[in-house]
Amino acid sequence: MLGKMFRVSLLGESHGKAVGVLIEGCPPGLKMSEEDIDEMLALRSPGSIRFTSRRREPDKAEIMSGVFKGYTTGAPILILIYNKDVDSSPYEKMRFKPRPGHADYTAYVKYRGFNDYRGGGMFSGRLTAGLVAAGAVAKKILSLEGIEVYAYLREVGGVKSTVRNVEELKKAYESPFYCPDLDAVEKFREVLVDAAWAGDSVGGVVEGVAVNVPVGLGEPPIDTLEGDLAKALFAIPAAKGVEFGSGFKLAEMRGSEANDEYVVRNGRIVTLTNNSGGILGGISNGMPIVVRVAFKPTPSISRRQRTVDLRTMEETWIRVEGRHDVCIAIRAVPVVDAVMSIVLADHLLRWYAWTGIRY
Amino acid sequence: MLGKMFRVSLLGESHGKAVGVLIEGCPPGLKMSEEDIDEMLALRSPGSIRFTSRRREPDKAEIMSGVFKGYTTGAPILILIYNKDVDSSPYEKMRFKPRPGHADYTAYVKYRGFNDYRGGGMFSGRLTAGLVAAGAVAKKILSLEGIEVYAYLREVGGVKSTVRNVEELKKAYESPFYCPDLDAVEKFREVLVDAAWAGDSVGGVVEGVAVNVPVGLGEPPIDTLEGDLAKALFAIPAAKGVEFGSGFKLAEMRGSEANDEYVVRNGRIVTLTNNSGGILGGISNGMPIVVRVAFKPTPSISRRQRTVDLRTMEETWIRVEGRHDVCIAIRAVPVVDAVMSIVLADHLLRWYAWTGIRY
Amino acid sequence: MLGKMFRVSLLGESHGKAVGVLIEGCPPGLKMSEEDIDEMLALRSPGSIRFTSRRREPDKAEIMSGVFKGYTTGAPILILIYNKDVDSSPYEKMRFKPRPGHADYTAYVKYRGFNDYRGGGMFSGRLTAGLVAAGAVAKKILSLEGIEVYAYLREVGGVKSTVRNVEELKKAYESPFYCPDLDAVEKFREVLVDAAWAGDSVGGVVEGVAVNVPVGLGEPPIDTLEGDLAKALFAIPAAKGVEFGSGFKLAEMRGSEANDEYVVRNGRIVTLTNNSGGILGGISNGMPIVVRVAFKPTPSISRRQRTVDLRTMEETWIRVEGRHDVCIAIRAVPVVDAVMSIVLADHLLRWYAWTGIRY
Amino acid sequence: MLGKMFRVSLLGESHGKAVGVLIEGCPPGLKMSEEDIDEMLALRSPGSIRFTSRRREPDKAEIMSGVFKGYTTGAPILILIYNKDVDSSPYEKMRFKPRPGHADYTAYVKYRGFNDYRGGGMFSGRLTAGLVAAGAVAKKILSLEGIEVYAYLREVGGVKSTVRNVEELKKAYESPFYCPDLDAVEKFREVLVDAAWAGDSVGGVVEGVAVNVPVGLGEPPIDTLEGDLAKALFAIPAAKGVEFGSGFKLAEMRGSEANDEYVVRNGRIVTLTNNSGGILGGISNGMPIVVRVAFKPTPSISRRQRTVDLRTMEETWIRVEGRHDVCIAIRAVPVVDAVMSIVLADHLLRWYAWTGIRY
């Protein structure tokens, strides 16, 4: 479960009946429809983006509880996204041959062979639909404070894009590969085509940005905003790194460069730079919260790889067939956006728990 | 609080009476003395390392509860490290002038000016003594399974070190700057001297490695091993990035490079490479768990920086006096080690919760 | 959410699409079918018991995730019980007239009027179907240790029944009103008939008993077995009191009567009496765990009662129409059974977390 | 740990260095001194009350963190109460002879013989000092909303007292045995003298009452106000039953008696009776919250009792020497008060998390 006040639990398997999410602690009175969720789900749908796998029909959310007459009720919200268009037969064949880079082997051992291995089961990227659905709900809470969360494809296979301001960020979802830097997009395309031709895949980086976050979110010493964001972001399959602000770059910098100096602008205290990514001491400082998530390349590739037969313990080979995203980071863009929204909504409610006090 | 079964809460302030840690859920019967803890505390003590700030006396742990006749009892363990040698006067002067890069401003707003600002209060690196003490306890649990955790200084100001094997890792704490790569150490020294002369500071990267971790630790879809490690690591002040295995490098790689292929060695399934850092699908795969944490440069620098007077909202200047670590990452090495140990101990107990079942 | 390792979250509304339960942390490899759950659901079904309300069709569980090829997978288990046979129109009329004894008024205020008021919404006894479903899963875990949980109707409207041993307990679900004491059953019937004729309802007490519980379950000082059982039992609507062993009777006893003396029987330490209800210091002592739950009378009665119109703040009257259980405690019997099973399964897993350690 | 936003963890042993409490999530800016805590600690001090055991010196709280210049800072608050005046030798003798009614046997098994058995270790009533200290902090929060919590000795050995209104409640702590009903006090005294003469002990019931609680505290379906109160109250040693409002009496009532009808008084909706104890559907309804806790007789009695030698498994006898409370319920009065305050403070903060929202 993610969160303390706005609490999110995932469920479902790729080739089971459904994937979904249970949200507990969502305040009542938020206008909410299945269309609101579908809209955000469509963003992670493979249909519209090239270089992503092709399950054709768009996902449809079904709200099973917690919404009544178009508003959240305060009761637990269950949202299901039913599965369809699934052919599980390839997975039968591979069942005892763990695919490199996938969770097949760890799942087999941890779950004693009882895990649903079809389509990666619980480890499928498809479970992120639940995160996205919860993100759509979280955004309703955030909007009450004017908090906005954005994400875009920052990097593909080593090629970086640049986004300069919120106006550009807002265009991400209308841009190819969810990247508003069209020069970078051209290079991304090359990288993706090359990898696709080679039967290979490629990694990427997604950047998420939240603006208008009030000063004071985060509960150190343990429940820092960075910590809670990172924990949640690592629930996205294939995420292998998380950094805030200038992140790993800070390790190469000097204090005089890295420190964000304070000035006053329009009567508010702001920093001249934002190397801290809007978080100091685990608490939001009012500047944009900036986080980057590194995604490894899609592990499913059609090239031959070494593996071991789990029954015989003999070394063997595997070639993962079927259509798969060349770069999983593309579809992770709305997921990073959603996960940030979930964590910020939770911390916003926790912030109200203190600021609501009448001293 | 960190953890579910092995649970860790931090407390204390830099210039208050003490810092410390409360550990709940620690199993009984583990041999434990204050010396065991002091030994690990000494590693983060500034006395022995150059380029770190100089509080002279070594820290001494006092076990207040949960240990009896030299063994853990199963009751909550409170460990205190009393403060001494503290001059709080400089902080009075700076009280309303937030130091760039520190938590002064966010703490002031969140805690409505009631926070203990002396020495950074709860945000001081000194609170990591509690983490280190808990790590010393966690290591007792891990040793029952033969799990070993190591850490070393991987990078300072852009200069990288290389550690090739566990034998080298074991030498980290006896090496200058906790880095067993002596060529790198020379370069680190230069970077540190330069920064020190300039009245400046510099960032760094710490790498933690855990070996002999059984396959199966981690509880996806939400409580992944990466997520729980990252959340805990971000409780270390100045941590701004966390990555596993090849981390952000994976974003530049192709699947065929990134996937760790399976082979059989000595009757066990292992991977030829370890780009995944020992974690697949949020679950340990039996390979070394490798995590890197980026630390920003020490924010306290003697150079003049812009800030704002919180009472008058007027822009002004600040120069942080006193002796401070030139590179905070050095002393973070045993902290990363401790935090990894805490999280792994918790997940090991959670793993027993399932493997203890008699089917 | 109930539990730490075996975690249970409820969802749904009485007249919404479904009620259900999400179970996280359930170990893999437990044989599980929808029929297993339906069997336990049938026990709380009103069809078979007189003096309970009449929704006709039996509940059918649908396992949405976490079970594959007839076994639990280790992934989150979502179980839904779809609603049918619902006429919500009476609730529209009463919407602003809170029914005494129901949650109408508190829900209206807390949820700002956005709560689903149809059939009591989230506060309906129907949500206990989720608890019962989770209990059916929990029992699979308990059976691995030979732990058995029973419950029966102990008391109706002041009339007490007596159950002398486990053999009698086992007959509870085949007995009228889930009470194996047939003399008491006759008196229960009279009490129920009288109340029904008077358009009134009556309260009752359910006793739950768990046998073969190993010594050592419970995590004091805070997470006592009594505390965790009580918290979970109060999630059953209409529960207003929980007591263990001789419970409130102990307040009238002397220590020499109340203390359970130790003897050895068949090589095991047992107590001669069980006033403590199998729990000492918050930890199971190996004797049967005995808990009693007091249920208030069904608040829905056809007699005229005073209430206030929430729109006008004018005092008015209400008469709750429709068919309702005369005594809600009857159908609460399998719910108490299930809730005990859930809490014991969670604590059993937590117990394994320590006993699994190889010292 | 108790609570979500206001979080309380206990620590310490009866004959160790100290007992204490760690409070996380306490808002900043609350005026707080050690004297505030000592005042409430004095209420559970045995010195002032007859028929309670005699450790002479009053307890003194030491605030170790989280309070600065007389105000809470928002950081974790550690409060220690150091132990003194302890003779542990009697416990050495009894070590392998579990005292009936105590946690000796369960602790011995659960903690594999490593538990601190001196003075009952972690199971001592002395740990309630931590609860009382946390209660003193919680009351600071409650007072901001005008919420007041009271408790009194309701019953001793079957003899009941009556308290009619808040004015009487306020006199509890100045009354003998913390019972403002002086007629009952006389009878209590007789019961206590009789038991004391017989080398025996006696049980009792404590009632807690909270007034001015806003409508809307509690988070069903799982985190009901009853459930969270009950869980916390069972952390008090010797508590064996908890009931709300008319509690177990409700099981004997009819709905027409039990339902609390609504009327308007001074423009507010109130109920004519308060059988529900101020909680409906797990949510506070604005009426006084009334809870009763049954305490078993002090298990330490000087009469001979049967037990088993844990080393030899031979049946033997034990006589518990030393001075002990004749009725543990007396000193439990301020503890029940404190525990209610803790839980209500936590739920008040959680309530702010929703009511703080600006729709």
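For clarity, chains are labelled A, B, C and D in written order, and residue numbers in each chain start from 1.
Criterion: a contact is a pair of C-beta atoms (placed from the backbone, for glycine too) under 8 Å apart; a residue touches a chain by one contact, two chains touch by 3 or more.
The structure presented is a predicted model; accordingly, all values stated were derived computationally and were not measured.
Visitor: How many links in the shortest chain of touching chains run from subunit A to subunit C?
Guide: Tracing touching chains, the least step count from subunit A to subunit C comes to 1.
Visitor: Using the touch rule from the top, work out which pair, C-D or B-D, shares more C-beta pairs.
Guide: C-D
Visitor: Which chain's C-alpha centroid is most distant from that of subunit B?
Guide: Relative to subunit B, the chain with the farthest C-alpha centre is C.
Visitor: CA centre of subunit B versus CA centre of subunit C: separation in Å?
Guide: Centres of subunit B and subunit C (C-alpha means) sit 45 Å apart.
Visitor: Calculate how many whole Å lie between the centre of subunit C and the centre of subunit D, each centre taken as the average of the chain's C-alpha atoms.
Guide: 26
Visitor: Quick one: subunit B and subunit D, Cα centre-to-centre, how many Å?
Guide: 38
Visitor: Residues of subunit B that contact two or more other chains, please.
Guide: Residues 1, 9-10, 28-29, 74-76, 110, 122, 221 of subunit B each touch two or more of the other chains.
Visitor: Show which residues of subunit D lie in contact with subunit C when the two form their complex.
Guide: 1-2, 8-10, 98, 100-103, 105-107, 109-110, 122-123, 127, 155-158, 195, 198, 200-205, 215-216, 218, 220-222, 224, 226-228, 230-235, 237, 239-248, 250-264, 267, 269, 271-272, 275-277, 279-285, 294-301, 303, 305-308, 310, 313-315, 329, 354
Visitor: Looking at the complex, which residues from subunit C come into contact with subunit B?
Guide: Per the stated touch rule, the residues are 4-5, 25, 27-29, 74-76, 141, 144-145, 219, 221, 349-359.
Visitor: Would you pull the subunit C residues touching subunit A in the complex into a rising list?
Guide: Per the stated touch rule, the residues are 1, 7, 9-13, 16-20, 22, 24, 28-29, 64-66, 68, 71-78, 80, 110-112, 114-116, 121-122.
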